[in-house]
Amino acid sequence: MDRLGEWLFFYLVFPGATFAVALGLAMSWLDRKVTALVQWRTGPAPGQPFWDVVKLLGKEVVVPEQSWAAGFLALPFVGFAAATLAGTLTWHAALGLPGGALGDLVLVLYLLAVPSLALILGAAASGSPLGAVGSSRDMKLVLGYELPLVIALLVAVFQRRTVDGQVMAAATSSLEGLVRFQDAAGAVLYRPSGVLALLVAVVCCHAKLGFVPFDQAEADTEIAEGALIEYSGPPLALLKLTQAVQLATLPVLLVTVFWGGVETTPVGLAAFAAKVLLVLVTFVLVKNTNPRVRIDQALRFFWGPVTGIAVVALVLARMGW
Amino acid sequence: MASTSLFGRALRRSPWVFHLGTSGCNNCDIEIADCLTPRFDVERFGVRLVGSPRHADVLLISGPVSIACRKPLQEAWLEMPRPRAALMVGVCACSMGGYRDAYSVAGPADKVIREVDPDARFVYVPGCPPKPETIIAGLIKLLGEL
Amino acid sequence: MSDPSSRHVVQIGPFHPLLEEPVGFSLTVEGERVVAIDARMDYIHKGLERLAQERTYDMVPILLERICGICSVTHSVCFCNAVEDLLGVEIPPRAAYIRTIIGELERLHSHLLWVGLAGHFIGYNTVFMWAWKYREPVCDAFEMLTGHRQNSALPLVGGVRRDLPVEYFPVVRKTLDELEGQTERLTAAVLDDPVLAARLKGVGVLSAEAALDYGVVGPTARASGLATDVRRDEPYAAYAELDWKVVTQDGGDVFSKAVVRLLEILESIRILRQCLDRLPAGAINLGTLHVPRGEGIGRYEAPRGEDIHYVRSNGTNMPERLKVRAPSYVNIPSFRSSCLGAPMADVMITLAACDPCYSCTERSLVLRDAAGARLLATPGLIEASRQKTFELARALGHAPDLELDPA
Amino acid sequence: MDATAIESRLREEFGARVGVAVRSAKRLYASVDAADLPEVVRWLRASLPGCRLATSTGIDLREGIGLYHHFVVNGSPLVITLKALLAKPEPHAPTLATETAAADWIEREIHDLLGVRFDGHPDERRLLKDASMAGELPLRRDFDPVQFKERIGERPEF
Amino acid sequence: MRLLLLPILVPAALGLLGLFVPGRRHGTSSTLGVLGAFGLLASGLAILDLRGGFSRPWLTLGPIDIDFALRIDGFSSWAVVFVGLLTVVAALYSAGWWRERGGAPGRHAALVLLAGAGGAATLLADDLLTLIFGWEIVTLALFLLAVSGRDDAGAGAAKAYTLLGVGDLALIVGGVLLGIERAAAGVAHPWSLSGLADDPLPTAGGAPTAVYVLFLLAAMAKAGAMPMHSWIPTLSTTTHASVMAYLPGSLDKVLGVYLLVRASVDWFLPSAGLRLVVMAIGVVTILCGVVMALVQHDLRRLLSFHAVSQVGYMLLGIGTGTVVGAMGAVFHMANHALYKSCLFLGAGTVERETGTLELDRLGGLGRTMPVTFGCMLVAALSISGIPPLNGFASKWLIYQGCVAAGEPVMLIAALFGSVLTLASFVKVLHSVFWGARPARHDAVREQGGIGIPAAMLALAALCVGLGVFAAWPLERFVGPAIGVESGGAAVLDGSRSTWGPVHGLAARPALDGGEVFDRELHRFPGTEFYRTVREVRGLGWAIELGESGRLDVHEIFRRAGAPAVDLLRRLHSGLLQDYVAWCLLGTAAVLAFLLWS
């Protein structure tokens, strides 16, 4: 039972739900604040995302008449649980917490797809036509970015290195294994293939987070927040929390996979925080200096140049570059 | 009056508004949008303009309500989750202003909403159009009422 | 794949974030591709051209300002042009310059507003914020000169009601100088942005032939290569004496429309500078006028294009019939030519590209307005009002905690 | 080309069928029989490059419904107004929507507000009026807004 | 050890009995069918823990002995139980189906039982000829079930039989070749499979390679891997859902994968090149199948393309040549049978209630058919590989196999195939169960007694159970199946603790709000979802190509080798007597050949 207790602590407290939510809300405040600064505004007060969520939790839930109520209400929970789990596993591996190799890259990837899926299904379940358009766009976007994202992440798995005359590669999809490999052989990022792969992964994660220019699914001026349109109150709060958790997870995942884990020294922690912030600020700046592209343009972009670069990175990685 | 619970405080710190122009002349609508922009920046107060009444706490209404707008307005009001309130921006929304004699106007927005929800609460911001500062002041007054 | 059974209708509006005003668009789409489009305009119909018969010629311009929140100068001056055409009179030169100044200030803030909204519609909120930030000083200048941010209540049949406070001219000039630099930077940014180009170029193309067939006007027509501009074609106010040029583009797409508007901002700044420099002395109106039986047509180049009013008088002090044709009324229907076959995401920006103003389209002839009296306030009152505004802003700016209820 | 030149060409082309009145160098009014409207419009658009329909006005006159089509020529100050008088009680006129797309909405509007039928209009649905106003013609002289509102029970009390 | 005969004889006997029940006696024949299915399951359970063989000599040809030999080991024991389970589900479902429809259930139930018996014989066979015998019975049963469906079933059945016939021919020729090879090596029982397993053949020389490839071909045809897949979609539009669920959906997959796993792990030591070929076929099957599924409008056709696509995962897992990959393949085969049966049964229910499976014409059934919807939702998420369902567990193992084998390209393709699968099922769920309900389906309700919902619920429950507790089947069945007698669950280590508690906050549901949209007018049919996909260059082209039938092996041969195929087609007349004659002739020829050598 000790293991279960330990696991529950990881999942519910640190680095799981509680921590991820707190960090995610802080990051989403940072997102809004930087956005405001770019736009010459003051922006929200520090506690703003927290108050938003508390308020939504206290509001009434309106279930649209046309909808499949159970799914409509339950799917945000599923998405939140999956995002939290992904966050837990990622942080667990990044920090090298006790408990063995919990995290697996493929598993995390799948778990991170679940929130999108929950939103897609929830929107489809709402019975709203605009929700359906939103969910269709979201699904297409998922189709677009999953392929290059997978390729880019596999660069870390298959990158060949020569250490002390020995050719080696991580050759494991376990996150902890990847961290250990990078400890031994240096970060994946320090090779050309790693740089390219990180680039691709950042772009894909940008789309995963639904930021402009890839926010077609929630384009408020086109389809009135699309997939989110029918949600209100606590389910909406959960969706916002899910976004926050993803915001706290994806930069960490990228840094962990491509730039090594955390050394638990003050310097190591600070360096890790700086890396994560760098990725996050990149997201925010790109978000604020681009207009939304059309969904077909996004698909072409992902299946064209982005996948191309990812493939090049993979080939380079196999060649030991 | 103003609730001191956590939720009440959150509500006052995070009022999300849905803007609904009911056949007005556009001027109030522009001043409302102006509230978002760098000079006035209502996001400082946690105000967000949202795209669906389902997400909103406050309905901003501008313009008189034409006969054709009447039903959609009532539907939008009912779509909003409780607690909810409405802010009447401009004389037209408050009292129909110069349109009171017009044949195709159904009534001021408060009357139209009260037809479906007698307990609805409103704050009125007169002006043609009211300045953004006035709209913000009205919004803050409304939050005190929630 | 054009199986009719797979079509469905997406309703945009009556309340939609794209639209500040209630108007219903029905897009029939296959997947994301729009195959038919229809508009429903009754939501905003509150207009009673009929009631114009009950208002005097002095009251009508003030009321016409409330046809549209943006083109308030447009409709009142256009009405004055129509009545002056009926009367066959020329207004005093100072009045002509004053009309030009307020008209061009209105064009400035309207174009900036459009640039911002267009950015917003394609999810580029930074452009929205920046453009509207630039727009604020223009509204301030308008307020300094007329006492109100949009509704000036200045135009009057035979001239203008009040003189402009020349002591504010240096401030206005400074505003224009700053705006010129900002607009040039914005224009450069728009022209160079590859993503914007990908998103806007070749989108919603309106050919010159279709433009003429639909009778579109203003920037929408000029972006399709039709060099039509009432300010040059039939110079009213002071335009005949000023040095400026008509901006045209050939693309007909959304990108061209954006470029036309951005360049027109710069032209407007030039016009304004000349007006401020050359403002002649003299009377500002012709005094009391009797309007005889007859009919007149007035035209005016609104920010969105040609506005046209038809006035018929039966000799009383109220018009027998007033017909208002705002520019959006002819610009909006052209979506049938420019939107069909486009993906839904493009339709939104195409609809927005003619800077539609649905309340104009549904022009309503407004009557007595309770707030109208405020506009006639003396400069002292205006100053007091501004003072209060600033105080409020300061108080709010320093007290973000909402529990401090100012009431 | 100014108004007088157009006047002489109009007389040349249509003779007595049009009654031309020139008010100034840039305003020309021509009264036409409703049935001749499409022909005159075709001629105008063909012989004056850049000529477009700016708008149309409907007026409830004592002697009938006045239907005025205002044409503007791009790049010139000229406004040409074609006037037709339609007989009550069932005014109708040939449509211009098949000649120029610009006539589509304005004809629907005049149909809404004044009850003028446009023969051959491709799309005769209402444009401005709400469905509840289906039988009303608000721009007719005999329309009483107060009575209308009482009839539909919408009179606001304040 | 005679007990080993039970799973074959019990259903076969009851099935043969069923053939003589008059067509009107629905109750009797359905009972017989269900009884036989349970008999198969019970006898499978009875022999579950037995290990060993049973042998009766069939023929002795000089130095060569041909036996009727059965053997049970870790793999076959649970495979038989599994087939029993599937047969029970199929029997229950068809009992419900026929009670409502009327018709000739006797034949149907009997053929299902015969197929079950044939499957059991294949799985338990320890002699290649016994295996071929069982294999052929299944093919025959499929064909007879297929032609008994509708009036227009003939063409689909003929196509199925042609392609399956090619596969079966490959198996027979391969068997003969193998026998010659082994006999030449002086083995006394050249067709004995346990003998072969004791001394697996490396595919170095020409003959073993040829035999392996022929077996591969047979397995591919049976399981429906590309390019031998085209009979499945064609058949799907003309055949009962229950038949689709039972045979192409599950039993044929079990047999095909069984053969392939046996061949790849037990009988041969395939070379790296051959493994690559298998993986490549797997990946192509995954991607082509799913892309074709993505654009289908007919639910059953869509499902059948997924049935093709999922086989790719199994081939991929086997092709990796790693223990974890093979375990994944076997586990996936079982999982696939579960969720695909569930999906086909659900589709059948929808069709029964609404009369159509055109996605355009469906919608909004989620609230009126909650059981069908719930079960199909679980199955759809499972086939898309969403944790923590069983589909994820087995796919994850296959991915691990790819990682271990160092095959990034295959891994990417497999992952991407999963995303596409998901996309396709979002479309299905949306267009059938969500969105606006066409008015003509307003009266649709869930009907049909207990049998069908029970079958679907059982399958959905298994999907969840085998996912959440994946360690158990891996340890108990899948590991032993490929020779890992204990510790099979250890491969799950990396994804341990996937299944944390779902915690949440209480929601306060309230019904409010009005309907703004006209639901007929503003429907968003699910078929609209992926129009954009067609518009992407390359993909659209591939889809066109697929739809035009130019990738269909059957069609290619029909066009290219017209005379030869014509002959084959004439041989495949669709008459039972002819086939029996061919079988006898073939057997005679083989015997003659053997006697002569």
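Each chain gets a letter, A, B, C, D and E, in the order it is written, and its residues are counted from 1.
Please note the rule applied: a residue touches a chain if its C-beta (ideal position, glycine included) is under 8 Å from a C-beta of that chain, and two chains touch if they have at least 3 such contacts.
Note that the coordinates shown come from a computational prediction; the quantities given were computed from them, not determined experimentally.
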Other chains in touch with both chain C and chain D: B
Central chain (distance from its CA mean to the mean of all protein CA atoms): A
Centroid-based (C-alpha) most distant chain relative to chain E: D
Selected pair, greater C-beta contact count between B-D and A-B: A-B
Whole-Å gap between the CA centroids of chain B and chain C: 25
Rounded Å distance between chain A and chain C, as computed from the means of their C-alpha atoms: 44
Centre-to-centre distance between chain D and chain A (centres being mean Cα positions), rounded to whole Å: 61
Between chain E and chain D, distance of the C-alpha-averaged centres to the nearest whole Å: 73
Contacts with 2+ other chains: residues of chain C: 8, 10-11, 17, 32, 42, 45, 47-48, 129-130, 133, 362, 400
Two or more partner chains touched - positions in chain D: 129-131, 138, 143, 145
Of all residues in chain B, the ones touching two or more other chains: 9, 13, 37-38, 44, 46, 51, 66, 68, 72, 79, 81, 95, 101-104
Chain A-facing residues of chain E, complex: 364, 366-367, 373, 377, 385-387, 392, 396, 399-400, 403-404, 406, 408, 411-412, 415-416, 419-420, 422-423, 426-427, 429-430, 433-436, 493-498, 500-515, 517, 519, 522-524, 528-530, 532-533, 535-536
Touching residues on chain B, where the partner in the complex is chain A: 6-7, 9-11, 13-14, 16, 37-38, 41, 43-44, 46, 48, 50-52, 54-55, 57, 79-83
In the complex, chain C residues that touch chain D: 41-42, 45, 47-50, 85, 88, 210, 212-215, 221, 226-228, 233-234, 295-297, 299, 306, 308, 310, 312, 320-321, 323, 325, 329-330, 333-334, 336-337, 362
Complex interface listing, chain B residues touching chain D: 66-68, 95-96, 100-104, 106-108, 111
Of chain A, residues touching chain B in the complex: 32, 36, 39-45, 47-48, 51-52, 54-55, 57-62, 220-221, 224-225, 228-233, 236
